[in-house]
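In structure tokens below, several structures.
Across the two complexes that follow, chain A remains constant while its partner is chain B and subsequently chain C.
For the complex of A and B:
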């Protein structure tokens, strides 16, 4: 049995177990719906179009946070890599960064930026940014010296050398940063919507939770899981394709 | 006027917090004519690669000067210089064709010209059937041919080769040597080859410079008796043995000195 088949069997087994426990009454319907009902309600929700604005808003904010984190992270990573002193100063801060509860800044962001989308995007961006910077630095550290000499032989300036040699060479590591940025953007945006927002998937999940509405809360959670898993699968496939070109 | 001229070239690596200053090279005086194939041999750590990097303009000399076509090389790689390193310098994310075309994107020229030059380089290096392949799909020798093609496609007037066949087996080295001689005849470029292999130097070069143990100084320059039409077949020529024997005679003591000193590169 392949690892993939084992993974699939585990997921299917867990879903079937939940279904059985729910149907047999071992799990209270008030706590959780049977998976088949969750899927049925999810279909109903998607067809009704009632939550499309919330889904679109959340996905738009996740995409904005992620894109900003990737662009800023790669640019900052490349700049920091060039200045050894700056790197030595910032490295300990990067190492400690994820010990900081970014959500603690959320009230401050709301005060500064208001109750719109920006604070949520900012939380997602802040969570993803350092992952991209750290992985960009990691990749640039591994660019073989012979390639940096090759850039000089071709008389490339610093920007051309970065765009044409260093960053493509570091791409597998940068890609890891991008995957993390996607995950962190989902966590940041949906988490922020849960805390304090007036729309979005996180808000709708929180609203349903507060109103004991399992027929909305669980389907929306499954929807978030499905979207995140799908995005991750696309990136995984893309990464495999890229690595296959580089490794024997 | 010599095509490439070195006058009193010296290189000292300054002391760091953990190491003492290292006198790596020189002083070296040398003149290489246009279209000449010149090889440099010397014991490990004698500064051969440092000298090549100075000639390429990748690093500067501590004292002395290098002039190419009468102009002093200062601080940057001059126009018309190509270099092939011992390490694999192919770009793994590009196909063979794109690797070779890499250098031409900087140069002005139409897409049709670029394509024609890349096609010619692919054919010249026997890579035409692998144009769409990625370096990972090629052997070490073929990857090195990609790097040589990437250098040749720019039509450099001076080609610097830093042990380009160092990672290859002896048979492949001879075959690559034959190809290199053929390319040299076709391009009429001046070639400076750094090598550990006395056979390679004796077979390929018009003249072979022998460097001493560190700090590398030019002990002697030996002229080989071969015509331009030479190839690996000359290893059967009795004069080939005489050239390599002379090189070894010069190098033996130096190699022992380098071994005694550790032979490490700075």
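For the complex of A and C:
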């Protein structure tokens, strides 16, 4: 059997096990619904249009946070790479960054920007930004000397050397940063919505939880996980294609 | 200048820069959104000295320590098992990467329903966040070992346990430690998030309450304390990490 088949079998087995346990009553219905019912309710929710605005809002905010983090992260990464002193100064911050509870800044953002979309986008952006910067730096470190010399021989200025040579060469590493930014944007936006928001998937999940409404909570959780996993899978495939072309 | 002094100087510049940015931001947004650095430090000192603070800090420390223990031991076990066999690694890696990228925060209602409000839920939440990177790094470390080491162990007629203890572990230690360093940050943030949503004690709970009643001074002081602890421990771990990698 291929690894892929085994993996599929493992996942299906786990879902079937959950189904059996909850049908047999080993898992309380109050605690969790059987997977088949979750899927059924998810279908009902997606058809009813009631949650479409929340879904659209969350996905839009995740996309803005992620796009901003990627653009700003690559630009800042390229700039920081040029200044050795700045980089050495910032390195300890980057190393400790992900131990900082970014959500603590959320109330500050709400006070400054109001209870709109911006505070949530900002949280997602802040979480994703450093991952992109660190991976961009990592990739730029590995650009072969020959290529930078070639750029100098062709008298490219710093900007076109970055755009034409060093950034494309660092692309696989930057891609790792982008994948992390996608994951972090989801985490940031949905986490912020859970803490304080007026709409959005995170808000709806928290609301359903507080009302013990498992028929809404579990389908929405599964929806979030499914969207995040599929986006990730798309990027994974894209990355593989890129690496394969590079090796050829 | 020795690298140690150089690094300390950089850290000083970074701290001074951040404090200046903080003060400037305070002048910009006002006392409604932000407390100034000096006042925050004073309030944080008062907070740490107050008897009401100690049980919360102790509870967080306990939950974090247990979560870290589980994350490191289970993560190591999973990583070692998967890394030892090429097939298992190919099956397991995408699952681990997938688990790493899903927004685990959305799972908090499930954790709560499974463990109830209190210490076990926080521990579970912290472990969930930290376990995957440790497993991934351990697996990578074992898989990327130089095959010569294994052959040498075989030539020396070491038993499997001996080979694992004397050859595999020391050789893979630097990479595994990097995983533990990253797992440390994530376990801390996971434990705090668990406390924010699923607890009635602990620093995360204090933070969430402060967010709820918009107690700016409290939010800032708690964030400052958490950031200082996280950055200090991260710096120590990073130094050990560098030393391990330099030796290898």
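Going forward, the second predicted complex is superposed on the first by the 247 of 248 C-alpha atoms of A that agree within 3 Å, B and C clash if a C-alpha of one lies under 4 Å from a C-alpha of the other, contacts with A are read in each partner's own complex, and residues count from 1 in each chain.
Criterion: contacts are C-beta pairs under 8 Å (C-beta built on N, C-alpha and C of every residue); 3 or more make two chains touch, one makes a residue touch a chain.
Keep in mind that this is a model prediction, so the values were computed, not measured.
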Which superposed partner A:228 touches (first chain B, second chain C, both, neither): second
Which superposed partner A:155 touches (first chain B, second chain C, both, neither): first
Touching partner for A:168 - first (chain B), second (chain C), both, neither: first
Which of chain B and chain C A:196 touches, first, second, both or neither: second
Chain A residues touched by each partner, larger count belonging to chain B or chain C: C
Which superposed partner A:88 touches (first chain B, second chain C, both, neither): second
Which superposed partner A:245 touches (first chain B, second chain C, both, neither): first
Touching partner for A:54 - first (chain B), second (chain C), both, neither: neither
Contacts of A:127 with chain B and chain C, given as first, second, both or neither: neither
Residue ranges of chain C touching chain A (in the complex, touch as defined): 6-7, 10-11, 13-14, 17-18, 29, 32-34, 87, 90-91, 94-95, 97-98, 100-110, 112-114, 182, 184-186, 188-189, 192-193, 196-197, 204, 207-208, 211, 214, 216, 219, 222-223, 226-227, 230-231, 233-235, 238
Footprint of chain C on chain A - complex, ascending: 3, 6-7, 10-11, 30-32, 88-93, 95-96, 98-101, 103-108, 111-112, 179, 182-183, 186-187, 190-191, 194-196, 202, 205, 209, 217, 221, 224-225, 228-229, 232-233, 236
Of all residues in chain A, those that touch chain B in their complex: 144, 146-147, 149-150, 152-156, 164-165, 168-169, 171, 242, 245-248
Residue numbers on chain B that touch chain A, as the complex places them: 53, 56, 58, 76-77, 79, 81-83, 85, 87-89, 91-93, 102-103, 106, 134, 136-137
